[in-house]
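All chains are identified by letter, namely A, B, C, D, E and F, in their written order; residue positions are counted from 1 within each chain.
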Amino acid sequence: MNLIWVPLLPLLGTLVPLLTARTGRTLCAWTTSLLPALSLLIVLFHAPTVLSGATLKSTLPWIPALDLELAFRLDGLGLLFALLILGIGLLVILYARYYLSPKDSMGRFYSYLILFMTAMLGIVLSNNLIQLWVFWELTSISSFLLISFWSDKREARRGARMALTVTGAGGMALLAGILLIGNVVGSYDLDRVLASTIQIRNSGYYPAILVLVLLGAFTKSAQFPFHFWLPHAMAAPTPVSAYLHSATMVKAGIFLMARFYPVLSGTDMWFLIVSLTGLVTLLTGAYFALFKHDLKGLLAYSTISHLGLITLLLGMDTKLAAVAAVFHIINHATFKASLFMAAGIIDHESGSRDMRKLNGLWKYMPYTATLAMVAASAMAGVPLLNGFLSKEMFFSETLHQSTLGALSWLVPVLATCGGVFSVAYSLRFIHDVFFNGEPIDLPRTPHEPPRYMKLPVEILVALCLLVGMLPGYVIGDLLNSASSAVLQGLVPEYSLAIWHGFNLPLAMSTIAFVGGLVIYYNRKVLFQFQAQFPEADAKEIFEKLIQMLMAGCRWVNDRLENGSLQRYLMLMLLFTFALVVTPMMALSQLVGERPQLPISGVEITGAALLILGALATVIWHRKRMIALITLSIVGLIVSVTFARFSAPDLALTQLSVEVVTVILLMLALFFLPQRTPKESSPHQMMRDLAISALIGGVVGTLCYALMTRPLHSISDFFLANSKTGGGGTNVVNVILVDFRGFDTLGEITVLGIAALGIFKLINRMRLFMPAGDERGRPWSNDRYPVILATVSQLLLPLALLVSVYIFLRGHNMPGGGFIAGLITAVAIIQQYVANGVDFIKERLKLNYQWLIGSGLLIATLTGLGSWAFGRPFLTSWFDHFHLPLVGDFELASAMLFDLGVYLTVIGATLLILANLGKLTTTERPVLTKEEL
Amino acid sequence: MEMAYALCVGILTTSGIFLTLRGRTFPVVVGLTLLSYAVNLFLFASGRLGIDDAAVLQAEATNYTDPLPQALVLTAIVIGFAMTAFAVILAMRARADLGNDHVDGRLPTITEESTAKEKP
Amino acid sequence: MEHLAILPILIPLLCGVLMLLPPISGQLSRQRSLSLAALGVLVLITLRLLLQAGSDEIEVYVLGDWQPPYGIVLVADRLSTLMLLLSSVLGFASMLYACAGDDRQGAYFHPLFMFQLMGINGAFLTGDIFNLFVFFEVLLIASYALLIHGGGKQKTRASVHYVVLNLVGSSIFLFALGILYGTLGTLNIADLAQKVSQLAPSEQAIASAGALMLLVVFGLKSAILPLQFWLPRTYSAASAPVAALFAILTKVGIYSILRVFTVIFGDDAGALAQIATPWLWPLAILTLIAATIGVLAASSLRQLIAQLVVLSVGTLLVGLAMARSEATGALLYYLVHSTLVCAGLFLLADMISQQRGKAEDRFVAARRMCQPVAIGIAFFIGALAIVGLPPFSGFVGKALLLKSTLLEGEAAWVYPAILFGGLAALIAMSRAGTTLFWHTSREPDSCDRVSRLQLAAVFLLLLTSPLLVIFGGPVSDFTYDTAEQLHGMSRSLHLLLPGGGS
Amino acid sequence: MTPVIELIICAFLLLGGIFVLLGSFGLLRLPDFYTRLHTPTKATTLGLAGLLIGSMIYFFVAEQRLVVHELLITLFLLITAPVSAHMLAKAALHHKVRALKRTQGQNLFTAARKRQPPPADN
Amino acid sequence: MIRSWTRRWIPMPAQSLILFATWLLLNNTLAPGHILLGAFLALAIPLLVVPMQAPQPRVRSHLRAVRYTLMVLYDILVANFEVAMRVIGPMSKLQPAFVAVPLDIEGTLPITILASTISLTPGTVSAEVSEDRQWLYIHVLHLTDEAQLIAQIKSRYEAPLKEIFGC
Amino acid sequence: MLSTTIVIVSALICISLIMNLIRLLRGPDLPDRILALDTLYINSIGLILLFGLYKGSALYFESALLIAMLGFVSTAALCKYLLRGDIIE
């Protein structure tokens, strides 16, 4: 049987309860346990091999780039944990069958539980570190789901979130640690990592690795100071607490330390961190457990304390300590799981977990009480029970410590203190619940639970007894094999005998018992003492911290992302400047060697007009109409400049675009305030001016530097091939419709899209319609001045003729579809201006949307036409023809393409302007004071 | 000549950007238009300037203005036009939807000082 | 089949155009059918292209039969086809979602969607830097128009910022192109790469100014640090299918940075080699920090997802900054993952706000959703994936990226930045989930069930995440080979210049 | 190109230039909007006509064929210039642009602005 | 029959003629191809735009129209010299004035032509047409005798126009 | 002689342009500015024609024609704006 089935079967099993939930509770429980039971059988089937010292492995490829394989190994440690996970898991399934109320969704619960089981199995069986981490995080996630199972309860949600946050953070640290290990070792393969002890310890990253891995382990195993999440995870249903928060998940951290024990331990750093953390956790856990009035709270803190104990053991520098740790893992799992289940029974049958109300239950549920008392005794370390054995080993190991140097004597002393409190809270669990008078207003009258609800407890308690009395037979092999996996080598001699004679550990145990009794007897004093301190609820503090963090982030974010476009733009410009200024500094020689053109008066005049126009626009930008007029000058001069520098096509295009833009701006200005209020302070003005000048300076400098350097470009090709290959003498036009026709196709698409977008913007726009101009003058009543109207009509055919002319000559002379389209559009706009929307609407039946569509279609189909000749898209064709009477003429596919351009331009321009016009005509109000 | 040309490009850029940094949509659009003039001149100049060059193929001509940047500028002009048109109408829409013409859609909290200045 | 490479541009173009003309223009149902059919075909075509490119054959489609560097070429290599497949899958899912009713909220949704895809695909395919500009503009103008789809103040407000910033960005793009043409005298990317190493020292400074300007432009699109502020508001304002489609817009920026700064200004660019790298490092880390703060600050799901988009951009930038083949491979995996998942989450957020009444997607108590299970499962998958927790794709991407980080010098920055970002995302997402799904004030009085189409779209996107993990091997192999090809491109430019170059 | 023809061309050009200058000079110098309106519409149009005719003759001589399309511009300007002037005058009236104090017939302003017949006493 | 056919297919003969001439002017050629193309356009464009034209009175006397045009051209020349003198001359002697000219002609086209003529000729600019189209307000750069000016306009320009359009 | 004349005439036109600009900047009223802009348009036609003459190229004719056409459209629209606010209604 391949190992992969061990986690895979439960994984498949997550679906089972969802499917069988409707068939009834018992059947659901049985079917749910089927696949995990099979898994357990597989593990048991392999157990003899493993116990005999072999390590089973199984590997499937997965993501090579990540060095992530589906790699499983079953060694002693894995076996031990797998047995715990599957064994206790099955018991929990049985127990939960009775625990859950009919209201609870059993399918969901089991599904989460099995998911968790899979995750745990994955961790303990992983032979690949990344894979281990994957399952590690899965436990956090499934535990989140389980804790928040009763999601309508606030504490469940909060507890789940807290657990997820803390363990999630640990998970991130663990990932970093694992990646570091992988980087150092060069592999995530556990075998190779375990064989690279020296390499890791000697690498400079060892401290980082250690800290990161331990962070992962400590958060998961609720070690101080990350312990606070665990008690709040008790909001989960009790079977979950029994399983996750005592037996399995919290042990994942311990498992991790045990896993990495051969690689990471053995240094002072390890010993110091691990043992001190363990010690502190042991003490705080034990101390606080005593004061919890909630039954599960007590158990939770006791769990923390025991986890601290195991951690402390792992942090001791003797091999026997590691063995003791493994041993205590087993023991703690059994007695704590049974205790939680007992607590669950009590809660379930009496309706309360408050020990101030729960009293004298012995009378009501003697059988359960007996079981609970045995388990609690194991927890306290009473002889003949399993707890006693591992605790003895623990005490004995504390005596051999030298990690703390001269202060090493503190370890056994403090360990004994821990023992004292452990006895005290165990006593409280027994006495306060089962004796100590009569119950105080419990919601229900307690009674014994259903038969099979007790069965899991019985099994676990029996195990406590068996291990306690016959440790060698029951557990010897497993312990040995697990310990050897932890130590990766020979296990030291140890004895699992019940009686070691009168020695110091026994004395410590005795002190613990007596001390525990004394303390419990005087608990009133102690409770009063503890009551002086305001109880710091970790949940509240945690929530508050998170809230503060979020509020802080919101504050920062609101400052950063303050919704001010000016700010964003400024940042962008400064960023640009910062990026560009470095290379500019390196530009030692601003002027290149290209001879410069002489300058004449005409150019000086042009430059003066341009500059003055631009500056006037800036200076008068608050008087918008004037700014528009000065902007027109700039546009005009720019086109004259193009003409001056031998670019007539550009001049034509710039000119027509400029006029349409100004018309658009005028249309917009009608609905906008006529003036810009003065908002910027002089300081802001100066700042903005400085930024603009910086950018302008950079651009100007770059422009100058470029122009004064010679250029070798690909343009010669165009000049050489325009006539022969493209069939036109206007090289610019041939580039547009042929060499780079694809650009043009994109460009007219942009135009078409813009028109569609603008149509969307205009649609359902509610406008502020000014009834008069900025000074409150009402508008003239002369909508369509007669002379303008008449002349415009007269000029229309002429303008169309010109546009045809410009269109046809484009290929050889300046012109082309775009300019022609704009001329046509402008001519029609002129009709709109002079004669009005209604006039045109009645007379011009032109669907501008279709015009855009057909323009684009013609252009695209022209391009597609070349496919018929086996040529790539947009391959052009042209030829010269001769017809009698007509003479020589040229036909070119480029003209068809240009026709597409022409139509699109007309359609787009008119769709925009005509719709804008239409919209406003219908909604002009009579007279409002708005915006005067 | 190149110096004057570069100066013009620089000043157009400066003016354009300064206006783009104003808080109201209309000056911003005007600024963008100025900026696009600067861009077009700049892009055109990347093919270097020539006064006496021929614009179309001619038998006797030897010097031509670099046609490629011209074609690029043409494309840029058209695209710039489309974009400006969209921005203009968007400015109107913003005014219509948000009730003011501030680029952020909300009027800045005006301090005492600036209102005092605004009154006369 | 010889024209396969241009189809990802032509199909959306033609469909978009046909939707403007009768008999399709008037009827929404016909537009829907055409859209879905076209996108389905597009998925198949791009898949085919990807498989073709997977055989390490770079297809160069020479438009107009004008050999490069003179004419415009399309380059279908591994990288571009990967991006194409991504965009068509994304497009298909978004369209599916939109067909449930979002397309009815305004005019021209379908044609605009098509044009948007055309722009995106064109930007991925083109091998010409100016043509890249043109396609950028196509995708931008389409995105402006789509952003306002559905109307409302939020959209208008966000649009103003988005449009103005991008218009300035386009200007900078053109300045940069002017500089590049003015120094290198060519526009073909491969040809630029060839010429950049031969640049005279006096022109190197000018050219690098141009190159860095390009970084600003692409940075704006991809929302890197001081340029990212527009994103949260824009993405959270957009209607769901649009926001989902926008998830790839930031990636167009990342793609362009990758293309330009690996092929042209990559290792073989002589004095201009890796000029962006020193800038990318701090930007990546700062973007991550800013996004981490933003993630924790978000007060609605849409905002949160938008911030997570920025976070993913930061993560991708880290990969860019490393400028190594291995890191690029990781980056590409992460890119695929984050695009699909973010898109799915945007759709999901829309469904959630539909079902929560007035509270919409804000993190406050509200009525219970009426389909908490289906939506909850989707949320669970999406949240884990985006946070970067197993078993979904986010963890693979992040781990790959972290794994490719060098311990010396890089890890000390990258590890904490990325991991804290992930932690913040975890905290924010767990709060979001518990509040949205569990913190309920009352039962729903009426149930507006989300349509099956919408659910299908969401699951189509989100289920790619487990698939990316299950098939993580082949996928990451592909992205690593893609990275290899990309980084090797500047040494094998002849493949891109079939005409021989100049 | 014979000197006589060159002389003729130059004469036309110079005449055109001078008229253009005068037109603009008037625009700058004349005292109010309404008087300024006169110069560009007339002087500038004529000035351009001079330039256009000069240029026409030049191309006729230089290219040895009749190049008359400059006439189109002249024609176009002749058609549009008065309309522009008219529109500007309308706008000025509407904006109540002040006329020079000594302008006669200012009582017509209101009627003109409102497009009414002149008041009866006129 | 033929007449209605002509109306249908050559709706604006005068414009067609002008367009044809313009086409040849634009292309600077008398090549047969261009003559054909020009003819086609001269016929096609009016067909396209005829719906967008308000109905206008037809020109009755083409000869008078030509004579009128030449006269106006001559006046423009004179007008410019006159205005030039005024621009250079002292400003203080300028006597600008507003004058209302009563109109007898009807129809938008004739009024437009009259107004344009006035604007182009000596020292006058037509500023406004009254709503009832009975009055033309003009601005005069230098007015000496109002009645004479009005009489001159009416006799020199309005009368011929009335004859040309027959209204 | 011709080239000298062209230079002189160019200078005349340049001076005109500057004068137009001064009027445009001085205003005082919007119609003044529009008038100045219109004149600027027409004068620049002259300048373009002179470019053409100077280079002996007829290619500038279209630019001149277009300025004439568009200048008119622009002036008309600006005036309509002053009159009605809404230029397309």
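As a convention for this text, a residue touches a chain if its C-beta (ideal position, glycine included) is under 8 Å from a C-beta of that chain, and two chains touch if they have at least 3 such contacts.
Everything numeric in this text was worked out from a predicted model, so none of it was measured.
K.L.:
Which neighbours does chain B have in common with chain F?
P.N.:
Where chain B and chain F share a partner, that partner set is A.
K.L.:
D-E versus B-C: which interface comes out with more C-beta contact pairs?
P.N.:
Here the pair linked by more C-beta pairs in contact is D-E.
K.L.:
Using C-alpha centroids, which chain lies at the maximum separation from chain E?
P.N.:
Chain A.
K.L.:
In terms of CA centres, which chain lies closest to the overall middle?
P.N.:
C
K.L.:
If you average the CA atoms of chain D and of chain F, how far apart do the two points sit, in angstrom?
P.N.:
Their C-alpha centroids are separated by 11 Å.
K.L.:
Using mean C-alpha positions as chain centres, tell me how far chain B is from chain D in Å, no decimals.
P.N.:
A distance of 32 Å separates the two centres.
K.L.:
Report, in whole Å, the distance between the mean C-alpha point of chain A and the mean C-alpha point of chain E.
P.N.:
About 75 Å separates the centre of chain A from that of chain E.
K.L.:
What's the distance between the Cα centroids of chain A and chain B, rounded to whole Å?
P.N.:
Those two chain centres are 40 Å apart.
K.L.:
At least two other chains touched by the same residue of chain E: list those residues.
P.N.:
Within chain E, the residues that touch at least two other chains are 22, 26-27, 115-116, 126, 129, 131.
K.L.:
Please list all residues of chain D that touch 2 or more other chains.
P.N.:
As it turns out, chain D has residues touching two or more other chains at 25, 37, 45, 67, 69, 72, 76, 79-81, 83, 86-87, 90, 92, 94-95, 113, 115.
K.L.:
Which positions in chain F are in touch with at least two other chains?
P.N.:
17, 30, 34, 59, 65, 69, 76, 78, 80, 82-83 - these are the residues of chain F that touch more than one other chain.
K.L.:
Touching pairs of chains, which are they?
P.N.:
Touch list across chains, by label: A-B, A-C, A-D, A-E, A-F, B-C, B-F, D-E, D-F.
K.L.:
Write out the stretch or stretches of chain F touching chain A in their complex.
P.N.:
Touching chain A from chain F are residues 10-11, 14, 17-18, 21, 24-25, 27, 30, 33-34, 37, 40-41, 44, 47-48, 51, 59-60, 62-63, 65-67, 69-70, 73-74, 76-78, 80-89.
K.L.:
Spell out the residues on chain C that touch chain A in their complex, using ranges where they run on.
P.N.:
Checking each residue of chain C against chain A gives 3, 6, 10, 13-14, 16-18, 20-22, 25, 61-66, 69-72, 106-108, 111-112, 115, 118, 122, 130-131, 134-135, 137-138, 141-142, 144-145, 148-149, 151, 160-161, 164-165, 168-169, 172, 175, 178-179, 181-183, 185-187, 191, 202-206, 208-210, 212-213, 215-216, 219-220, 226-227, 229-230, 232-233, 275, 279, 290, 292-297, 299, 329-330, 333, 384, 389-391, 395-396, 399-400, 402-403, 405, 407, 411, 415, 419-420, 422-423, 426-427, 430-431, 434, 437-440, 472-473, 476-477, 479-480, 502.
K.L.:
Where on chain D does chain A make contact in their complex?
P.N.:
76, 79-80, 83, 86-87, 90, 94-96, 113, 115
K.L.:
Which residues, counting only chain F, touch chain B once they are in their complex?
P.N.:
Against chain B, the touching part of chain F is residues 55, 57, 59.
K.L.:
In the complex of these two chains, what residues of chain F are touching chain D?
P.N.:
1-2, 5-6, 8-9, 12-13, 15-17, 19-20, 22-23, 29-32, 34-36, 38-39, 42-43, 45-46, 49-50, 52-53, 56, 58, 61, 64-65, 68-69, 72, 75-76, 78-80, 82-83
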